[in-house]
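Two complexes come next, and they have one chain in common, chain A, joined by chain B in the first and chain C in the second.
== the complex of A and B ==
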């Protein structure tokens, strides 16, 4: 695997190379070269099978990371190609011409993260949610907690306790405490 | 027509006797071993910290009181209740669980006609799946939501610190403090255990947000001595830290120190923005400028009282200055906390001895109320033969004299009797003085308690040994060997046990297992007593005392005499944080009395 990665590195500059297992390597490739590299892997290096495609939201870095996981059925090797794209303007060259199955993945990425793959068939059709009018739900800045609160009505028979407050009332109710707690008590 | 065409359909009949590939009974199909099914909770291990509730994105978890689970130090008494109308079985609650008590079994079928039944308390509501071992648990292979290891505190090495009294704990940097603060799960279990009930999660949050001014405001709500407590607090909070159930507890004390250290004293007034210029016209006298007195003065000053502290010694701090060595608590840090209290208009009269210079009864007449926090400054003796020799000292006296700059007797060989923090303080102070004077250390501390039950903080024992002092626990002092009026050493016998089965003090010895510690000087450090000589005989009769000889006070530290409030080490502790809490509560009590 190592010599193959070195060869690939000479063609397309690889970054963040991680030898995860003997038969699995991850590497990042620049956005401009990624589809070229994936095509090369499929057509010349026998990585003919697309295992999956996924996405990670690196909100702190202002990037989305796409992952194309490819399988070589002859050598039984896997390679994961990571591609970082700008989070503000998330657009990636479509790979729908390489595998038909990638249509669905790209449709999912579009719905869950808002990533655009120009030319990808049926891209804007609903995937798992209908009538969604919030920001894409897999983005890290989507507040699931807040959404759950406003969307699903609370059951009347539920009541919770804050551990610190509950302990105060049970163990030291008369102790002078913080200004905020004094105010709450009143 | 071909014979094959006739026979082929009959070959299908062979499948009739084959095992079908479909599932016969889909309701009783065992799920995968790591399947995330229904919850179970180990009620004994769970401490009700509520991190499961906090992390739940669906608000499926509530914390509710459970019969038979008591609210106590380190345990809120609450347990998680799950609403399966909302749960999505993501198992974040399991992955964050600080005690590893929560898990998901691989059971996944539950049929009921009443939707309300799908709210249940795992581990409490009887369910068939608790007996299932398989399911999802925290993987524990390095996959953690918070680091289990605390950020190490940098210290001077023993060789660098042994020949001086400079502070050896360096304090956290910004990066270190923020990294450590990031481990906090904000459960607040610690707050109940802290005697002053400090807003610990709030000030740790202020560190995470890099808002140290807010942090300082949080500290001052419940503790006006943060520089001091940030260094020498007994940090009982860390003993109950939920993160400590599965890793190192948070360095709560060092984080407090970080906030106080980072705020310069000249900005305190602006940051805390406390106006005490309006007096309510009432005056309170405070006896002793120790933690309880200073704390009472601070909170009373905020309420508009004019406070005067009467201090016997030349500087403020009480035991914090005259008991705790400088290498643990530098004097300028004490001054920083004290000066802010003085800036609020509190006055300290130094060198005034209540009882002799001014009678307590006189204070009662001149002031609207009096708070007394006179502390435990008298040494206690083992009363073994030889303790009347001039070279047998009390630790408290020596520690005070070191601070006062007096030239104390430092011979080449010293033995200290005691295994508490004061014993370690004097051992380590004398070790330093020996190093300075002779270039070597020969100081031994021996205690009745064996190593595992020594009352001193573990780190004190470890650090004393690092500094070449010998700590040899588990020996009962028998006599001090005197020859021609000079101390020759200490005779001890093996101590087998200190407490009887009722946890009462009743040491048992093996008289045949003897040892002799050669020494030119013996220091006794087996506890401190209070000096109540400022109470006249007639006055004492008006007060009530407990069986242990302490002044009886109510929950606001009011004594039998209406205008006299008493707190600090002579009532509770002994430690700084109890004193601060007592002073705070007494201030509320005094305000209740005078604002009737």
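== the complex of A and C ==
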């Protein structure tokens, strides 16, 4: 795996290479090289199976991290290609020409994070939510608790607890909650 | 020629075109086509999802899967919870085999916090037993369920009874029937009760009888054979293109099984060979699943024979209320009854996960594959195709 990563690094400059397990490596590639590298991995290095496409919101860095996880069924190993894109104007080149399954992921990313993949089929169709007029629901700045409070009718007699504090009281009833713990919970 | 159903000779344009392709142009205003919604609440649909069909006569010209009827935002909710609180939420993401999600979160958190090698051997055997029991109860529903789509309802009733017996064993092992919360970070939650193995062996003997009976009921039945043979064929070149995994891939000759390819737990110590077929149709997929039923029963017997008599059930882990995991990411996978399942797990150094993403086999099987398979199929075969692909909407919506 190491020699293969070095070879890939000489072709496309890799960043943040992490050997997570013997059969799993994560590496970041520049946005403009990403689809090229993925096509190369699929066609020349036998990473023919697209396991997953995912997105992580790094709100503090102002970036979305896209992940293309590819599996090599011959050597039985995986590579996770990470691509950082701008959070304010999220747009990525579509890969729907590479796998028939990828447009579903792109459709989900568009709905859940607001990422645009120009040319991807049925991108604007609803995936799991209908008539959604809030910010995309998987973004870190979307607060589920606040949304539930605002949207749904308040139910009487309903008590809500802070989970960590509730569990601590349940498990260690005699131990007083310290100011530091309260600060940590917040 | 006079059509015996219509009573007159239909014009050529009234008949469905012989070769329907995804590119066939459909003009609804021509009145040659009709839209039918199958689901979201329909006895033949797997779970709550809808398939929007455009038909010409009985032939499906276009199909679109609609999901969202079960969306509760589990992945988002888990981002707001402590690592330990992710367990009860995550298992609700997969109704068919919830134990798989417990394993993912346990394994991912152990790996990212450096406890992967600390889990006791006995606990890992118990994890395997629980995962194989989950596969067995899923197959007891799935295999006769395929017969049910061809009106062989009695098999479903036998299967439900036997599945309940396995749920009884789950109840005495974990205290719950469907959502078990048995596998936790660091090990498992409890030990085998006294006499568990003997009672399980009794149930497995009942299942042995059922395996013979269901073979006669389904595979010796001419209706089942006639309708399932050659229906919805998956070819080997479709496997990577559509992301097809598990029994659906093995039924067309692509031998992929995570238990063999990337062994986890102690699967490399068990003696088994995943069955394969070449036809890739509904019949082949059901046949593979029937063989997996035999294999799973055998695997449970092997696990019970090979596991140590006793041992530690979990290792010492940090206090779950103050457990922080360093920044990192991983992907853990296993072979569920429906194929490869996995979870992408990201941590950021805090006491809550940054992001989790479940990769369920249905994500591709129920959307891109099903929509492709249904084109040109008969309306009466939709349920059979859907069940044969083992679509499960909760793992799409998460």
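We adopt the following convention: the second predicted complex is superposed on the first by the 158 of 186 C-alpha atoms of A that agree within 3 Å, B and C clash if a C-alpha of one lies under 4 Å from a C-alpha of the other, contacts with A are read in each partner's own complex, and residues count from 1 in each chain.
The working rule: contacts are C-beta pairs under 8 Å (C-beta built on N, C-alpha and C of every residue); 3 or more make two chains touch, one makes a residue touch a chain.
None of these values were measured; they are calculated from a predicted model.
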Query = In the superposed arrangement, which partner chain does A:167 touch: chain B (first), chain C (second), both, or neither?
reply = both
Ask   = Touch check for A:69: first (chain B), second (chain C), both, or neither?
value = second
Query = Is A:158 contacted by the first partner chain B, the second partner chain C, both or neither?
reply = first
Request  = Using the touch definition from the top, say if A:44 reaches chain B (first), chain C (second), both or neither.
outcome  = neither
Ask   = Touching A:144, do we find chain B (first), chain C (second), both, or neither?
value = both
Key: Superposed model, chain A: greater residue contact from chain B or chain C   = C
Request  = Report for A:20: first if it touches chain B alone, second if chain C alone, otherwise both or neither.
outcome  = second
Query = Touching A:54, do we find chain B (first), chain C (second), both, or neither?
reply = second
Request  = Go through the superposed model and pick first if A:175 touches only chain B, second if only chain C, both, or neither.
outcome  = first
Doubly contacted chain A residues - partners chain C and chain B = 144-145, 163-164, 167-168, 171
Query = Tell me, which parts of chain A touch chain B in their complex?
reply = 144-145, 148-149, 152, 154-155, 157-168, 170-172, 174-179
Key: For the chain B and chain A complex, residues of the former touching the latter   = 48-50, 53, 57-59, 61-65, 71-72, 76-78, 81, 83, 85-86, 116, 119, 187-189, 191-192, 197, 199, 201-202, 218, 221-222, 299, 555, 581, 584-585, 587-588
Note = The chain A residues in contact with chain C across the complex are 18, 20-21, 23-24, 26, 48-52, 54-57, 67, 69, 73, 76, 78, 80, 99-101, 103-104, 126-130, 137-138, 140, 142, 144-145, 163-164, 167-168, 171, 181, 184
Key: For the chain C and chain A complex, residues of the former touching the latter   = 67-68, 71, 73, 75-77, 79-82, 85, 111, 240-243, 256, 261-262, 320-322, 328-331, 333, 340, 342, 344, 346, 351, 354-355, 357, 359, 363-364, 367-369, 372, 396-397
